[in-house]
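Per-chain residue numbering starts at 1, and chain names A, B, C, D and E are given in the order in which the chains are listed.
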Amino acid sequence: MTDKLLDVKNLKTEFHTDKGNLTAVNDVSFYVNNEEIVGLVGESGSGKSVTSLSLLRLLPENGEISEGEILLEGRNLREMNKKEIRSIRGSDIAIIFQDPMSSLNPVLRVGEQLMECTKLHLKYTNDQARKHAIDMIKRVGIPVPEDIMNRYPHQLSGGMSQRIMIAMAMSCNPKLLIADEPTTALDVTIQAQVMELMLELKEKNKIGVLLITHDLGVVAEMCDRVMVMYCGRIVEMADVNSLFKNPLHPYTKGLIASVPKIGRNSDVLPYISGRVPDLSQLPTGCKFAPRCSLAIDKCHIEEPKLIYVGENRQCRCHLVNERGENHEQ
Amino acid sequence: MKEIQYEDFKIESPFREFSRKFLKKKSAVISLAFLVFLLILVVFQPTPYDISAIDYDNILCEPNSDHLFGTDEYGRDVLSRIITGTRISLSVAIIAVTIGAIIGSILGIIAGYYGGLLESLIMRSCDVLFSFPGLLLAIGIVAIIGPGLTNVVIAISIYGIPTFTRIIRSSTLSIKELLYIEASKSIGVSDMRLLFKHIFPGTLPSLIVSYTMRMGTAIISAASLSFLGFGASPKNPDWGAMLSTGRDYIGVAPHMLFYPGLMIFLTVLAFNLLGDGLRDTLDPKLD
Amino acid sequence: MKQYVLKRLLNIIPIMLVVSIIVFMFIHLIPGDPARIVAGQKATLEEIEIMREKLGLNDPYIVQYKNFMVGVFSGNWGTSIKSNLPVWNVIVPRIKPTLILAIFSIIWSVVAGISMGVISAIKRGKLIDYIVMVGATSGISVPLFWLGLMLMQIFSVKLGWFPTTGVDSFSSYVLPSITLGAGITAMIARYTRSSMIEILKENYIRTSRAKGLHEFMVINKHALRNSLVDVITIVGLQFGFLLAGSVLVETVFAIPGLGRLLIDSILFRDYTVVQTVLLIFTFQFIIINLIVDVLYGIANPKIRYE
Amino acid sequence: MSNNLVELKDVRKTFLASKTLFRSNKYVHALNGVSLEIKNGETLSIVGESGCGKSTLGRVINKLLDVDSGEVWFEDKNITNYATSQIRPFRNKMQMVFQDPYGSLNPRMKIKDIVAEPLLVHTDMSKKDRYNTVIELLETVGLNERHAQGYAHEFSGGQRQRIGIARALSVNPKLIIADEPVSALDVSIQAQVINIFKRLQRDFNLTYLFISHDLSVVEIISDRIGVMYLGYLVEITTKEELYKNPKHPYTQALLSAVPIADPSHKRNRIILKGDIPSPIDMPIGCPFNTRCMYAMEQCFKTMPQLVEVGSDHKVACHLNLS
Amino acid sequence: NDTKQEETAANVEPNQENTEGKSEDVNMTIAVNAEIISLDPHNLSDTLSGSAADTMYESLYDYKLDMSLEPVLATGYSVSEDGLEYTFNIREGVTFHDGTELNAEAVKYNFDRVMDEEKNLRRRRNFLYVNSTEVIDEYTILIKLDSPFAPMINRIASLSVISPTALEEYGDQGILTNPVGTGPYTFEEWTPGDKMVVRANPNYWKEGPKIDTLTFKPVTENGARIAMLQTGEADYIYPMPTEQVKTVESDENIKVIEGPSTIARFTFLNMTKDIFSDVKVRQAINHAINKEAYAKVVKSGYAVPLTSHVPTTIEYQSPQPEYEYNVEKAKELMKEAGYPDGFATHIWAPNDTENMKGMQFISQQLAEIGIDVEVIPMEEGTLSDSIYSPQTPEESEVNMWYVSWSAFDIDGATTRLFHSSNIPPTSPNVSYYMSDEADKLMDAGATEVDPVKRAEIYAELQEVIWNDAPWIFLGSDVLLSAKRATTEGIFVDPSGGIIATEASTTK
C-alpha cells in the first residue's frame, strides 16, 4: 500500500446550484503509483475534470467535496488547511488543463509565469528562476527559450502553449502530474508530439500521471491503467491491455466499439443510443441502465457496486457480478 | 474546441427560464415593484390636492399631517406635485430614451451588419456626437432649440442616440459572427429576414439592459438641464424643475429640495438596479 | 502600435473639422444677438450696430467661419465679446481649477472604484457585495448638484470641516471632487466588479491557483491586471461625464472653471469664448480617448504586438 | 452534362489580416489555388489540420465567400460571379451542416421554425404543409413531433446535429457541405450521426463534401479524400488508395499520428518537428518544407504542382515527381 | 522719471506687507451673485462690475445712499444759463495709485476716451450730448453740450477717472486688468471668473477703509453664497436671496440689511395688440393684481408697491393714486371694454426661477378676471431676439413682458421706456406706448434746467403715464444684503451698487 503515490477513497463532490445539489463525482476511489500513467476516460460531462479539480481542491465556489479522502503519500489533502494545500499545489501535484491557450495569463510574459512557481515553492531568486525556466523550456523541446520567455501567450501556437504548460507543471519536480485532456485542443500531428513529450518526461522524472481524456486512442497509446467514468462514477478499472481486449462493462464495450478505427471500419458503426443523463435527473439504479441493451430489471432499481472482478480489475455492473466473476479483495 | 456539456433536459421556454433567474435577484425585483408602483401613480394620479391650488396662508409649510411632504412657495402640496411630476419625468425619460433607442438601434444594426462606408459614416458621426461630452450635447441642443419639455425630450434623445448605436453595433458585430447567422445565410435567407428575425432578437438583451439604464441617465439629465436653467417650465411640476426651485429654499424649506431629490434618486436607482438584474439574467456583454 | 497612434491622430483631423463646423453652427444657431446682449439693455440701436460691425457679425457666415478657423490656426482666438479680454486670458485661468478638480476626482474614483469593485467581486453574493454595489449604484443614481448641495450643508455649514466654495486651498476641492467623483466611482466599481467576475472564471486564474499562489497574489497579480485592461476603457469614457459634471459642480461650489465659463458664455452669447471652450472640450475629449486607447493597447499585449 | 456536381478551378482566397498604413497589408492565405471536382453522388472528404482552409473551401463552394481568383462551377454553371440574388435559388441545392451544433441553431427560435426556415425561403408552401414536412424530416433523423416545440438549448449535441441535418435536408438539396459535423461530439454519439449521414446519402441520393480533421472518421464515409495543408490541396485520391498508399509525406505523418484505440497495435510513429507555419507568412516553395523530413533543395524553391501519380491519385510533392 | 520710480515703489509696497505680516492682514470678502465682467469703468454696463471698479475708481461726483449727488473728485460745478456749459473745479492734491497727479488734463483725457466713437465704449452713450471739453486751468475743466440736457450733470459726474499715465501705458485693453484710479483701494489681483482682490490705498485723499484687503467673489448658487456667510468665509453677501432670509434670521452672527432700490418691476402690455389697446383693459389688469400678494409671493415680502412708473428713490418721483386691488372693479372695466369673459394672451420672461414665479403670479391673478395668460419662459438671448428683431409694431409678437428696469435718474427711467421714438428695435418701449403728450413732456423735462420746472413737468408726465397704464405696475424691489455682525461700512445703494469705501470689521 505504501507505494501508492495518490490514493483516493470514496470521493464525493457536489455542486450547489439553483437546481439543487448535484453530485458530479460519486464514490470515486482509485490510486496512482509512481512512474505510472493512469487514464481516466469518459464522455463529456462524466465528471473527469471535477475529479481532477477535487484532488487539488480547486473547485469553483459552488462546489464542495462532501465525502472521501485524498491521500498523497499518506497525507490527507482534504484535511489540510489552506496554507498547506497551497504548498502542495504546483510543487507536489502539478496540473495542466485542456485548453492551453486560455490557461496562460494573457497580460503576463511567458517567462514570468514560468518563474512564478519555482520562486514560490523553491524560493528561487529571480536569476535562479530564470535559468531554471529556460532550462525547462529547452527540456520540452522548444528552441530559443530566451525568446520564448519574453513572449506573450498570444504569440505562441497551441502546441507551444501546451508545452509551456507542461514545462510550468514540471518546473517544481512534482510527484504527481494531473493532465486534464492535455491534447484535446491540439491537431493530431501536434498531439503526437505532446504525447511523446509526456511519455519521455514520465520516464525521466519517475512521476505518476493521472491522464484525463475522452479519446480512447490516446488512452491506448499512453496509459498503464485505465478507469472508465460514467455519470460521476467509475464503472470499470483495468490495466490497459485487458480493458481493450476484454471490456467487461457494457458501457466500456459500447465505447470501444463505437470508436472508428482506420482499416477496420465496417459499414455501419455501432453506437450507444440515448444520451448521458443530466446530473439533476439521474435515473435510479444503474446510471447506464437506460442506455444499456443488456439491462435487466434489477439494473433499474438498484445501483451496482464497484467491485473487484480480477487482479487489479474492478467493474460496476450487476451482470458482471452475477456471472460470478466476483473476486473480493 | 470548447468543452461541451449537456444541458437540462427539462423543456423550459426562454421566458420561464428568464423569470426563474430574474426572480432570484432581490434588488431587481424590488426595483421593478417600485417602478410598477410609480406606474400606478402615473395612471391613477392619486393626488391629495390640486397641484396648482395656491394657498398663500400655507407657504413653505414643513411636512405635517395635512401635507405629508410639506408645501412649496405658493403653498402648493409638494406630495401632489411629486405624484404629478412622476408622470412628466417618466414620460420625458421614456419618450426620449425610446426615440434614442429606436434611431440608435437602426443605425447600429445597419452599421454593424453592412459595414464598409456606411458604417464609417455612421460611426464617425457618433464619434462627433460623442466628442461633445455627455450633458454638454444636451445643453447645446436645448440652447439652440430653446428650453421646454419637448425640446428637453429632443435633446436627451439625440444625446442617447450614439450610445445605442454603439451598443447595438457591437452587439450586431458579435452576433453576425455567430454560426447560426452563417447557417441562415447559407440557406439563402434574405438580408431583411436575417436582420429582423435573427440579428435583432439577438441584440435585444443588450438593448433592454441599456434601455433600462438609460432611463436613469435620462431622468438625471432632464433634472440637470432644469438645474442649469435649460429645463422645462416650472408650471409642469417635473422633478428636475421642482428640485431646481427647491434649491432656492434650501435653508428655509429643505423638504422642497429633499423630496424631489429623493424621488429622482430612488427612481434612477431602481432603473439601474433593474438594469443590473436584467443584465445578470440576460447576460449580454455590455461594453 | 505606432502605426495605430498615427492613424488615430490622422483620424482626429476630420473629426475636429466637423466638430468645428458644428461648434460654429451651434453658436450661430442659438437665438440671441450677442451685440445686443453685450451692449446691454440700455444700449442704443447705433451702439449695437457699431458693436455688430466690430464683432464681424455682419459678415456672411462663410467669412465668419473662415475668420474663426484662421484664428484657430494662427493662435489668435479673438477677444471675449463679454469682457473684452483676449479669449486666451479668459480661458487660461479657468483651466487650472477644472483640471485639479478633474484630476482629484479621477484619482479618488479610480482608487475607490477599483477597490470597491474588487472587494465586491471577491465577495460575490455576500452581504458586503450587496452593500458595496447598492452603494455604488446610488453613486450614479443621485443628481450631482443635489449631492453637492447636501454635502455642502452637512460638511461645510453644519460641521465646518471644509470651505463651502472657492479654490483657495486643497481642502476647497474635497467636497467638489467627492461630488464629481461619486458617479465615476460607481461606474468604475460596477465595471471592475463585472470584469473581475468574468476574469475570475478564466482558465488562467485556475492555473495560477493550481500553482499554489496565495489568493492575494491570484487576485492582485493575475486577475486585477487583466481587469485593469478593461477598466482603462471605462475610465476613459468617464471623462465625458467628468467634463459635463464639472459644469454642475462648478456651479454649486462656485469654482471658476471651464465648465461654468462655458455655461455663462452660452448665456451671454460670448461667441468667441463659447467656440474656443467647446473646441478645447472636444479636443481634450478626443485626445483623452486616444490616450485611453493607446494605454489600452499598452496594457493589452495582444494589441501592442499587432 | 458532365458527372461533376462541383468543380473548383485554381481557387484562391485571402483574408485581410492586418491593415497597415504605409507598408503593404498582411493577408491570410486561406486557399492557394485549389482545384478539385465533386462528382454526383459521391462523398469527397477534406482532411487537414486546423486553419488549413477546409472551412473556407466549403464556404467558397456555397458562395458564402467570394473567391479572389479562380472559378467555382456548380451543375456546369460558372457561379463564380453570381450576385447574391442570383445565387439564392442555388442555395436550395446545396446546404450546409456545421461543426458546432451549439452555435449553428438560433437559440431564440423553436426547432420547428429552424427546420422550416429553408422551406420558407425557397418554397411557397402553406404553413400547415411546412409543419408536416418538418415533422417528417425530424422523424427521418430520429426525432419526433414533441421535439419540434423545443428550443435548441434543450437538446444534446447529437440531437442538435441531427436537427441541423434535418434543416439541411428540408429543401431536397443535391449537395451537402458538412463542415466537421461530428468533431464536437462524443464518440458514442459520433457514430450515430455518421450513420445517419450514410443512410441519408443512400435514401436521398446526396452528394457530400465532408470536412474533417479526423482521418479515422473520414474513412467510414468517404469515397475520395483530399488532404489539405496551409491552403494547398497536397493530395487527393480514393479512400482505399489513401490509407494503403499515401504518397505525400504529410499524409503519411498524419496517418501515423492518429492514435489507435488498441494498445497491442505497435507501430512507428512519424513525429513531425515544429508547428504549422502561419498562413500569413507562408514559407517559400513547398508549404510543408519546414516540417518535412525529406525536404530537398528544390522544395525550398518551388511549389510542387498537384499531378496525377496513379489512377485517380494526385499529389503535390517533388518527391513523387522524381 | 519721477512717476516711474513712485510707480515701482507703489508696486513693491503691498508685496512687502504681504510677506511680512500676512496673518495680520485684515481681509474681508464680499460674495456676489455674478461674475465681474470688466474693470474698465468706461466700458462696462453691469452694476456689479461697476461696484468692483468703484473700489478703485472715483468720479467727479457720486451718488450718496439717498441718491443725492455728493462731490468727490470735484469740489464744485457751475452751469451756464443756457444749460450748455458745465464748469467743474477739480479737487487738488489727489494722486492716482501710480502717483500721477489728478488735474483737469487728466479728466479731459478721460472724457476724450469715453467719447471716442471709434472705441465705442459702453459708457459713451452717457455722453452723446457732449460736444467738447476744454481745460481752463490746471484744476478747472469746461464741458460743452450740443443741446441742453437736464440729466447731464448726473452723467458727466459719474465718469470714473482713470490715470492717464496708466491708460497710455497699458492701452485700452490692458487697463482692464491693470486698473489705476484714485479710489480707496488699489488693485491687487483679478482672475476673470473668480475673485477680485483690492487692497486699502494708504495714500487715499480722505479717510478710507480700515481693513487691508477686500475680495469680491462671485458665487452664483444662492445656497452656497449663504453658506459662505454662515461659515464666515464671506463677510458680506449681496444679493441676499429673499427666499432664504428665514435661514439666517435666527443666526446672531448674521444681519440682514434691507434698502430701497431704483428697480421697478412691471409688465409691458403691448398696446398695439387689440386686447391691450383699450385703456380700460389695461387699468382693469392693474386693478386685478394684488400688489401686496405680489410682494409676498414673488419677492418673499421684499418689495414695495410702485406709486408711479419710477420708484420713490428716483428724484422727481411723484406718487400717484394707487390702483387698488379690486377684482369687481376690474371685471366691470373689462365688461365696459367689451371683454366680459376675458381673453387669452401670453406673457414672456427669462426662464430663471424668479421670473417664472412672477409670470405665474400674474397668470394666476389675471385668471380671476377671465384673462387666460400662458406663461412662456424663454432663454435670455431668445427673448431679446424675439423682442428686438421685429422691425415694425405689426411684426411684434410680444403681448406681455415681465421685466424690471433700473436707472439713476428719471429721464433714464422714462424716455427709453415710453418715448414713441424708442419702440423696438430701437429701444425697449415694448408697450409700444406712443403718446404725443408724454413725448412732449419727456422732451421738455430733458432740456429743462430749472429743478422746480422740471419737477412740475415730471409730475405731469407721471400722471399721464400712470393713467394710461401701459404697464402693470407691480412693485419696486427692496434690496437685501446680509453681513456678518462684525462687518461695518459696506452698503448697497438703491441702484444695487456696493459701496465699501469705509469697510471695517471687528472680527
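Everything below uses one rule, namely that a contact is a pair of C-beta atoms (placed from the backbone, for glycine too) under 8 Å apart; a residue touches a chain by one contact, two chains touch by 3 or more.
Please read these numbers as outputs of a predicted model, since none were measured by experiment.
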Farthest from chain A in C-alpha centre terms, which chain would that be?
E
Select, from B-C and B-E, the pair of chains that is joined by more C-beta pairs in contact.
B-C
Taking each chain's centre as the mean of its CA atoms, how far is chain A from chain D in angstrom?
32
Distance from the mean Cα position of chain E to that of chain C, given in whole angstrom
38
Report the inter-centroid distance (CA atoms only) between chain B and chain D in whole Å.
48
CA centre of chain A versus CA centre of chain C: separation in Å?
53
Sequence positions of chain C contacting 2 or more other chains
30-31, 149, 153, 251, 267
Name the residues of chain E that each touch 2 or more other chains.
221, 223, 379, 382
Note: chain D residues in touch with at least two other chains are 156-157, 186
Can you check the complex and tell me which residues of chain C touch chain A?
124, 201-204, 206-214, 221-222, 225-226, 229, 299-302, 305
Listed in rising order, the residues of chain E that touch chain B in the complex are 221-223, 226, 241, 243-248, 293, 296-297, 351-353, 356-357, 360, 364, 375, 377-379, 382
Could you please specify the touching residues of chain B with respect to chain E in the complex?
54, 56, 59, 73-74, 143, 146-147, 229-231, 233-235, 244-245, 247-252
Under the stated contact criterion, what part of chain C meets chain B in this complex?
14-15, 18-19, 22, 26, 29-31, 130, 133-134, 137-138, 140-146, 149-150, 153, 190, 233, 239-245, 247-248, 251, 262-263, 266-267, 278, 281-282, 285-286
Could you please specify the touching residues of chain D with respect to chain A in the complex?
49-50, 156-159, 186-192, 194-195, 198, 213-217, 219-220, 243, 253-265, 269, 271-272, 275-276
